Amino acid sequence: MPEAFSQTPWALVLILLPLATGMISFLWPRLAISLGLVTAAILILAVVGLGWQIHSLDGGVYHHAVGGWGAPLGIDLYADGLSLLMLTTTALVGMGVSIYSVAYFEHEQALRFWPIWLLLLAALNALFLSADIFNLYVTLELLGLAAVTLTALAGSKAALDGAMRYLLATLLGSLCYLLGVELLYHSYGTVDIATLAERVAATPVVWAALGLMGAGLILKTALFPLHFWLPPAHSSAPAPVSAVLSALVIKATFYILLRLWLTLFNPLNESVATLLGLLGAAAVLWGSLQALRQTRLKLLIAYSTVAQIGYLFLAFPLAAVAALSTWNAVAYLALSHALAKAAMFLSAGNLLRFGGHDRIADLDRVVQRLPVTAMAFALAGVSIMGLPPSGGFIGKWLLLEAALEQNRWDLVLVMLLGGLLAAGYVFKVLGHSFTEAPVMHEAGTVPKAMEWAALLLAVAAVVLGFLTVPVLAWFGLGDVAGIGGVGS
Amino acid sequence: MNWDEWIPLLVVASSLVPGLIIFALAEERVRLRTALNLLGAIVKLGLVGVMVWGVYREHIYETRLVLLPSLELVLRAGPLSLLFVTLSTALWLVTTIYAIGYLEGAPHRSRFFGFFSLCVTATVGVALSGNLITFLLFYELLTLSTYPLVVHRGTEAARRAGQTYLIYTVCGGALLLLGTVWLYSLAGTLEFIPRGFVNDLGPEHDSALIMIFILLIAGLGVKAALFPLHGWLPQAMVAPAPVSALLHAVAVVKAGAFGIVRVVYDVFGIGTAAALGVTMPLAWLAAFTIIYGSVRALFQDDLKRRLAFSTISQVAYIILGVAIVGPISTIGGVVHLVHQGLMKITLFFCAGNLAETLEIHKVSEMNGVGRRMPWTMAAFTIGAFGMIGAPPIAGFISKWYLGVGALEAGQSWVILVLVGSSLLNAMYFLPILHRAWFREPPDQWPADHQFGRKETAWALLLPPVATAVFALGVGLFASLAFSPLGWAKLIAAREFYQP
Amino acid sequence: MRDPSEQAINNNPAQPAPLVRVIIALLVTGLGVGLAYAILSLPSNAVGLSQAVNLHLEQSGVTNPVTAVLLNFRGYDTLLEMVVLLLALLGVWALGGAAQFHEHAPGPVLDTLARLLAPLLILVAAYLLWVGAHAPGGAFQAGSVLGAAGVLLLLSGWRPRIALMALPLRLVLIIGPMTFVAMALLTLLSEGQLLTYPVNYAGVLILVLEAAATLSIGVTLAALFVGGHPQDEQSR
Amino acid sequence: MSSVFAYALIGVGLFTLGLYALIVHAHLLRKILALNVMGSGVFMTLVALAKRSGDVPDPVPHAMVITGIVVAVSATALALTLMLKLSAVSGRATLADDRQD
């Protein structure tokens, strides 16, 4: 059995399985739900397998030349610690969301949801495994269309409007990215990241490419001030979709940005890092303040995402000196934010199903009427606030450490303020969930699966805080920071 | 396997596990819930007893779990930690009994007792922390687990109080976090050791160290209700009486004070702290808080608010004793950690009894209540006299050692503070006692719940009487080896005289 | 204190004020100039990957380099892109169809034209598919012509039978991407690598893939043209 | 050779024109068209520069463009349907103005 286990090309399973099941569940809708759950489960297994293979390989890098041609003529698949981090996040959140969706989507909507959801998973995995910037473009589009469609699935006016903004933003982002890709291709005759990494130099074309790709990806990642499309879209989508959008989809473009940064653009110039850090800081403060202002739960959570994205960008100016602790911090922040934010959106969905509204002010004693959901939201909140014990705390601690090592007091201040504001908006919700609402609503029933899926993810985000050493070893980001991302 | 490595963890788990189970229990499973609570408390007490005996024989109990590649989660039982652990464990048992009686038939008890247990877990964790990050971890856990208790009643007022409580404590937590990370990036370790771990940092770091000290003390001062960070405490009075007892005597305020003791002794080391010149300002701040709290207490008619301000002033004694650099004052401060707890919890229990039985909330309503509830008021009287510092009750011991210590350290001004505060204590406690015993009772109480021939329910009556007897006992038998005083002497000896 | 995004261009139904438009125009022009400069700084001749392609062309199974790249060297891109097309249709259907598709009674001209052109177009599509192996042409060109034929028929009022609407239609829609995935699995099992065709069979396999792709592309395009899900259409 | 760059620059021109239109026009149809214009610009530059490899143009960009076109078609189809649906629900073919609700 271990023999077979180690021989299975898990990386390809990660891509082909959801593709196939997605199409099959479109062909025979009756199979959709069971296929979805099975796929989600196997994906977790596949990630474990891939991780195991990566660790057993020397250099800790997985390669697969599609078509057997190899770069630059063909397309290479590639996986290292960073890819593994994102794949693991996808698998975990994917599992939680799948369980939740079984109960959430009813007949007609379920038929539409499952194929697209499975294809979206395939798109994410393909994206995290690609080592080819044009192939990345295709996966980006795949991801974008799937995400937009799922957003519009709610069918409400707000949802359609949000989806439209999202679509325009994501298409614009992709076009900018594609133009950058073609500039790189035409100056270096390859779209393979590793090959580019050897040839790239600070020429005007590369600068233009950096600008275009950077701008496009930042727009898709919704980094302040290009976040305008995110709150409407993430707040109006169906709960599980909001969870996926905030937890995974925007992380995907961040991953590409990070990957390109580590391999191609990092050597170019420090000032870019400073700029990214600046935007990140602005995002943290602005997003948190906006979240604090909101009266609708889902909008509050969406703005919190805008803020949390900012933390990830604080890493860029810090990585130059304290690479290891910074990238570990990013790993932890990304993973725990994904879990916690997904849990938050799912519990928001439960509250919406329960009270028929998401006005924070009249949550109406959900603490005792919907305890599991309230607990899920609270635990997720702990991680989002970065309070111990939680994954969020570890990430924040590592980032603070990196910032203090190089006396970046400005960033330290931003992180602390961000934490305080986060506490502000999380406890704004929790406080109101203890009190009675002025107007009573009769309560809808929330399926158990929905409540427990949310709690599962939230608990995972908290437990992460105790598993630092194994988790960091599993991702082995030390090497990533060391060898600048691509194992060459 | 070696039990010594597991006992500290078990002590923490002995309240954590019951707490988690209780969350899952249905509201009506009263018996099982009560059994779990008491079982946990008794097991914890037993384990603590074992550790007390061991540590007295210089035995080390230590649990280490890896938290970060370079940082460990350390639970260690030293003399100082045990003093606090013993206090909170014993008082948890008493408070649990009291809460069971107090919340008879009240809604959402599963939630209440669940967080109640988490709260004690956090406190014990704070007490046993072997390094600053472990301390930070449990300190924040304490914040999180007390919040639901403060807002437990779910009224708008409760929500507001909870909000205030959080604004203070979360900000405090942030300062503490900043100080901790900063210290870590300077010293490369956070391990608590007698006489501190920052001594060998060069003088070029002094300014940074002073900043860190301020950050840490500010962060802890919030929970210790040190002026001007005390604002949340009087507001938190909306919480049920057992919670107030918990906040004031067992957990929150104590955790803050204990933290300050830790920082001064085992992070900086009393010598380094004095050399940095940070102890004097701290002493002044403490002294001011003592007077300020007492003065504010004078003008409160609401009984619980008066007690709250009294707490603010009394806890500052602990900090004062630490900040006057000297072994004897240290003894006074440390021992007051226990004495204040015993006396203050007694007073809060009694206040709770008055509210529950006769729905008396104001001092002005207490005329002649001593005749209706003699046992309760007897306990109250002992507590009050203890607070004033009348011998032979516990409070006297603390104040005596503080005074002598101050003289020994050449800080005679402290005497004035002590005398002044004692006078003020008398001024806000004696009128209550006079009303209770010597005024005519009104022909009609605000309300009068009958409990057979008893003045009130057993579960409500026993705890205050017990704690009052304790408060008397630790005063009378202060000279015994295992008395809080004896223990405090042990601590001071290890802090000052060991090579 | 409002989020600037709420005033952001995208949200603003009215056109921005003239001044704003001028500023935007200037910024955009600046961007254009920058890009132009960057492009002009490129060397005036570069081989790119053309040599590499020519080098491996005979192993690719086809002689048309573009087809070779699309179906062999970068076949993986094409696989994913077939899925993109399918996803678009899933999206359109998930939206529950657009405002319904207006019927015009087809005039005699359109009617005859459709009758004449549709078979021709299908023939052309077949030719393009076949010729793609060694000359410009291939699955996408063929697919789009096929799609055009479908559109023409739909315009002239032709409707496939309801029975064909459910499973058969879905089957045709996914046959392209599905064949690709199947091919990927087969090659993985036989060659141990994704989409590595054995040299002797490469030509045939590519033709199979292209045929399937053409069918799916054509039908998908026609279906996209219709908008909503056919069954919704019929039920109206 | 210069004709290559002429075409490439026209592509850039289309890209920027499209960007401008995307920003200033409120009507969704115009926005979608603007995106298509941008796309054409990108594709044009891509193929134009491919001609630099001599008389036989570099086939890889052509393949990329075909892929790109298919993606563009799909995206446009989805966008148009979304627009129709939105205007059917909200009664206008522009994005809602947050300041009103």
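Per-chain residue numbering starts at 1, and chain names A, B, C and D are given in the order in which the chains are listed.
Assume contacts are C-beta pairs under 8 Å (C-beta built on N, C-alpha and C of every residue); 3 or more make two chains touch, one makes a residue touch a chain.
This one's a predicted model, so the numbers in the text were calculated from it and none came from an experiment.
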| item | value |
| --- | --- |
| Chain separated most widely from chain A, comparing mean CA positions | B |
| Of A-C and A-B, whichever chain pair has more C-beta contact pairs | A-C |
| Centre distance in Å when chain A and chain C are each reduced to the mean of their C-alpha atoms | 29 |
| Separation of chain A from chain B, taking each centre as the mean of its C-alpha atoms, in whole Å | 43 |
| Averaged-CA centre spacing for the pair chain D and chain C, given as whole angstrom | 15 |
| Whole-Å separation of chain centres (CA-atom averages), chain B against chain D | 68 |
| In chain B, residues with contacts to at least two other chains | none |
| For chain D, residues contacting two or more additional chains | 15, 19, 45, 49-50, 52, 60-61, 64, 67, 71, 74-75, 78, 82, 85, 95-96, 98 |
| Overlap residues in chain C, where contacts from two or more other chains coincide | 6, 10-11, 35, 39, 42, 46-49, 53, 73-74, 77, 81, 84, 87-88, 91, 95-96 |
| Pairs of chains, among all present, that meet the touch criterion | A-B, A-C, A-D, C-D |
| Residues of chain A defined as touching chain D within the complex | 134, 138, 141, 144-145, 148-149, 152, 156-158, 160-161, 163-165, 167-168, 171-172, 175, 178-179, 182, 185-186, 232 |
| Residue ranges of chain B touching chain A (in the complex, touch as defined) | 23, 65-69, 107-108, 111, 136-137, 140-141, 143-144, 147-148, 151-152, 154-156, 158-159, 162-163, 166, 170-171, 173-174, 177-178, 181-182, 184-185 |
| Complex interface listing, chain D residues touching chain A | 15, 19, 22, 28, 31-32, 35, 38-39, 42, 45-46, 49-50, 52, 60-61, 64, 67-68, 71, 74-75, 78-79, 82-83, 85-86, 89-90, 95-96, 98 |
| Complex contacts: residues of chain A adjacent to chain B | 365, 367-368, 371, 375, 382, 385, 387-389, 394, 397-398, 400-401, 404-405, 412, 416, 419-420, 423, 427, 430-432, 434-436, 466, 468-469, 472 |
| Sites on chain C touched by chain A in the complex | 1, 3-6, 8, 10-11, 34-35, 37-39, 41-42, 46-49, 52-53, 56, 72-77, 80-81, 83-84, 86-88, 90-91, 93-96, 167, 170-171, 174, 177-178, 181, 184-185, 188, 191, 193-196 |
